[in-house]
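Residue numbering begins at 1 within each chain, and the chains themselves are lettered A, B and C in the order written.
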Amino acid sequence: MFTRRHLLSTTFALGLAAALGLPAHAQDKLPVVATFSILGDMVASVGGDRVAVTTLVGPDGDAHVYQPTPADARALADAKVAFVNGLAFEGWMERLLAASEYDGPVVVTTEGVVPLEFHQEHGQEDESAEADHDHAHDGTAEADHDHDHEQSAAGAHAHDHGGVDPHAWQSLANARLYVANIADGLIAADPEGTDAYAANRDAYLAEIDALDAEIRALVESLPENRRAVVTSHDAFGYFGDAYGLTFEAPQGMSTEAEASAADVAALIRQIRGEGIPAVFVENITDRRLLDQIASETGATIGGTLYSDALSGPDGPAGTYLDMMRSNIRTLSAALSS
Amino acid sequence: MIWDALAGPFVEFGFMRRALLGAVAIALGATPVGVFLMLRRMSLTGDAMAHAILPGAAIGYLFAGLSLGAMTLGGLVAGLAVAALAGLVARVTTLREDASLAAFYLISLAAGVLIVSMRGSNVDLMHVLFGTVLALDDAALILLCSITTVSLLALALLFRPLVLECADPLFLRSVSGLSALTHFVFLALVVLNLVGGFHALGTLMAVGIMILPAAAARFWARGVGAMIGVAVVVALLAGFAGLLLSYHFGLPSGPAIILCAGAAYAASLIVGPEGGIIARHWPRRHLEA
Amino acid sequence: MTALAFRNLTLGYDRHPAVHHLDAEIGAGSLTAIVGPNGAGKSTLLKAITGALKPFEGTLDRAGRSHGDIAYLPQQAEIDRGFPIGVRDLVAMGLWRETGPFRAIGRAQAARIDAAIAAVGLSGFENRQIGALSGGQMQRCLFARLLLQDAEVVLLDEPFAAIDAKTVADLIDVVRRWHGEGRTIVAVLHDLETVKAHFPRTLMLAREMVAHGPTASVVTPENLLRARRMCEAFDEAAPVCDRSAA
C-alpha cells in the first residue's frame, strides 16, 4: 500500500541514485596535447568524445620555425598525454617539455616508421652539401623572439635531423602506424575507453585504406612522363616514395633554409629539360620563389599543396584525410591536363 | 671560359638577372644612407628596426591576412613612427639618439608580440614577410628601384645640411631652420630602405648592405663623398660576387653576398690606407716636409 | 644705436639662475669683452643671444636681427672632429646664408673661401681633414668660417682658450678688422691682459651684473673682488626668487 512516506522515501532513493550515478556519466574529457594540426586531427579522430585535444601549431602554421608560448607550456602541464611526430620535426619540443615540467607519457607517433634519408639534392650527394641545409635550433635562437631566419654568422642554425625526413605522414601506410600508436597511447592513459578507442581506430583505418586505393588509382591514370612535381620545400619524400611520384624543391628539408642560386638554377634546368608542366605552392611558405621559377620556365602554378599543416576548418584540407585527398586531386588535375 | 663563369649565369637565367638588378638597386640606395648612419654612430639601427616593424606588420596581417603588401605597408608605418618618435625625443630631451631609439623599438617589439599573441595566430609573420634576393617579382623590383630613386634624390638635395647636421649641428641650427627637417628626412630614408629591403631581400641583406660597405670604405677614403663612392663600389662588387658564389658553389644567396661584403671589410681593415692595421703598424717612411 | 639689449634678463638651468636680473645694452659697432668668474653665466648669455636658450624672465632684444645676422663661435668641444670633412668644406659652410642648402658655390665665392683661409693663415691646409688639425689650426678654421658668414654681430665664446700666442695674435688682428668694419663683437674671455689690451668695453658678470662700461673703469681690483665673492655652486636650499624688475 503506497503511503506518503513510501512516496517520499522512493523519491529520495531515486534522487540519491541519480546523484550518485550522474558523475559516472559526466566524466571530464582526457586532456591531451598534439604538436601540430595534422597530429591533432588524427588524435581527435581516434579519441572522439573522450579527449579534449590542444594543438600547438595550428592550421597553416609552420612547425619548423614555431616558437612556443607560455600558453603552450600551461596546456602541456595540464595534459595527460603528449603526442609528437618525432624524427626531429619539432626541434622546439624538448625545451617546451622541460619548461612545462610535464612528466606524463610522450607518444612518438612515428614509432615503427621506416624513415627516409635526405632527399638527393640535384646531384650534390655528400654530407657537406647537405650541411648547407642542416639546421639546429640552439638555445639562444629560441630564447628571444628573434625572427632572424637568415643564417647569421654568429648563431648558425643547424637542424639535426640525423639526416632523416620527418614528414612521414605523407604516406598513408605510415599514417596507419601513426593511428595505431595514437590508439595505444590513449588506451594506456585511459584504459576505460579501450573499446571506444579501438572502434574509432578501426573505423579510421578503414577510411585510410579507402583513400589509399583512391590515390593509387589516380596516380595510375597519370601518364608515365607526367609524374614529376616541383614544390617549395622537401616535404613530400614519403608521398613520392609511396605512390611513385618525384618531388623537387629549391628549399631543403626545412622552411628555415634559404635557397642558393645553384639550387634554383638546377631546378629551372630540370623543369625545362623534363618538361615539368606545373609547380605547386604550399600553404605555409612564401610563394614568391615558386612564382619566380614558374614565370621563368613557363610552368604554371598548379595549385596549393598542404605539406606540414592543415588548412582552416573551412578550407579544402581541414582534416588529415581531406588534406591528402585535396593534394592528390590538385596534383592529378594539373598533371593530367 | 672566365666570361662563361662570370657572365654565363646572368645570361642564361632570368632570376639571376633580376637578383643582380635588385642587388644593384639596394647598393645604390641603401649604401649611401648607411655611410651617414655609420658616421652618426647609429650602425645598429638596422637590427633595431627589424624588430620595430613587427606591430605594423601584425596589424596589417589582422586587417588583410597574409597580404605582403598590407604587412609591408604596416611595417613601414610602424618603422617611421618609431624613427620619428626616437628622433623627436633625442632632439628635445637630453636622451641621446641611440638610447631613445632603443627605448622605442623595444616598446614597439613588445606591442607587436602582444598583438600577434592575442590574435592566437600561429603564423610566423616575420618569416613570411622577409624575402630573398632570388625571388624578386616585378612588384618587389619596382619597390626597390623606387626607393633607390627617392633616396638618391633626397641625399643629393640634402647633402650639405646632412653633412653639417653630423659634423656641427649647433652651427646648422644657428644658420638654418632645416635642421629638424634634415634629421627626420634622413630617418625616413633609413626606414624606407630597411623596410623595402626586408620585404624584397630579407633582414640580413638589407642591413648588411647598408653597414658593411660603409665600414669598409672608412679605411679607404677621407672625405664623405669619397667614402660614399667607395662604399657603393664595394656593395656592387659584393652583390655580383655573392650571386656568383651562390650559383657556382651552392651557397645561400643572401648570406653569400653579405659574406663577400664582410670579406671586403676584413681586407680593408688590414690593408686600407686610412688607418688600416698595416698602415698603422708599418707606416711608410716620413717625408721631408 | 643698440645692437643688443638685456632687460631684467634671467637665464639658467633647472630653475637655478646662471644670469640673474641682468640689465645692460651693447652698442652697435662696439667691441665688448665679457669677463667674470667660472660659472658666472657668460657662455649662457651668449647662448641666449643666439636663441638656443629660453629666458626664465626678462627680455633679450636683438634690434630686429635674425639668425643670419648673428655669427656664433661656440667652445670647440661641440664639433665632431672625427667626421670626414676637410678644412675647405667646413669653411665653405660659412657661405650658407648666400648659397642655402642647395646652390652650388660659384667662382667668386670660391675665391672668397680661399681668401678667408689665407686671412687666418691656413693656406695650404685646404684639404686637411679637420681631425688632423691642432687646436690652434681648428680655431683658425672656425674663424675663417666666421669671416665668410659676414654677420653684423659676432659672438665669440672663449676663442683663445689653450691657443698658442701666434694664433692669438693673428686672430686678434681679424677681430680688430671686424671692429673696423663696424661689426658688433662680444667675446667671453678669461685673460684680463688681452681684455685690457684690445677690448675697449667690458661687461663684468657674476651672475648678476658687477660693472659695465669702458674697460679701464670696469676691470679694477674692487670689481674683481666683488665678482669673486659670487658663489660658484648653485644653492640647493635657495628659496624662490620674488624680486621684480630692478
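One rule holds in what follows: contacts are C-beta pairs under 8 Å (C-beta built on N, C-alpha and C of every residue); 3 or more make two chains touch, one makes a residue touch a chain.
Quick caveat, the model's predicted, so the values are computed rather than measured.
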| request: Report the most central chain, judged by the distance from each chain's C-alpha mean to the global C-alpha mean. | output: B
| request: Go through A-B and B-C and name the pair with more C-beta contacts between its chains. | output: A-B
| message | Need the CA-centroid distance for the pair chain A / chain C, whole Å please. | response | 75
| Interchain centroid distance [CA atoms averaged], chain A/chain B, Å | 38
| query | Which integer distance in Å separates the CA centroid of chain B from that of chain C? | reply | 40
| task | Could you tell me which residues belong to chain A and also touch two or more other chains? | result | none
| In their shared complex, at which residues does chain C touch chain B? | 50, 52, 67-68, 70, 72, 74, 78-80, 83-86, 89-90, 93, 96-97, 100-102, 129-130, 145, 149
| field | chain A residues touching chain B - in the complex, by the definition given at the top | value | 57-62, 65-67, 69, 71, 124, 129, 132, 145-153, 255, 257-265, 268, 286, 288-289, 291-293, 295-296
| task | Report the residues of chain B in contact with chain A in the complex, numbered from low to high. | result | 9, 12-16, 18-19, 50-51, 109, 113, 117, 121-128, 130-132, 134-137, 140, 202-205, 243, 246-256, 259, 262
| Within the complex, which stretch of chain B touches chain C? | 39, 157-158, 160-161, 163-164, 166-168, 170-171, 173-178, 221-224, 227
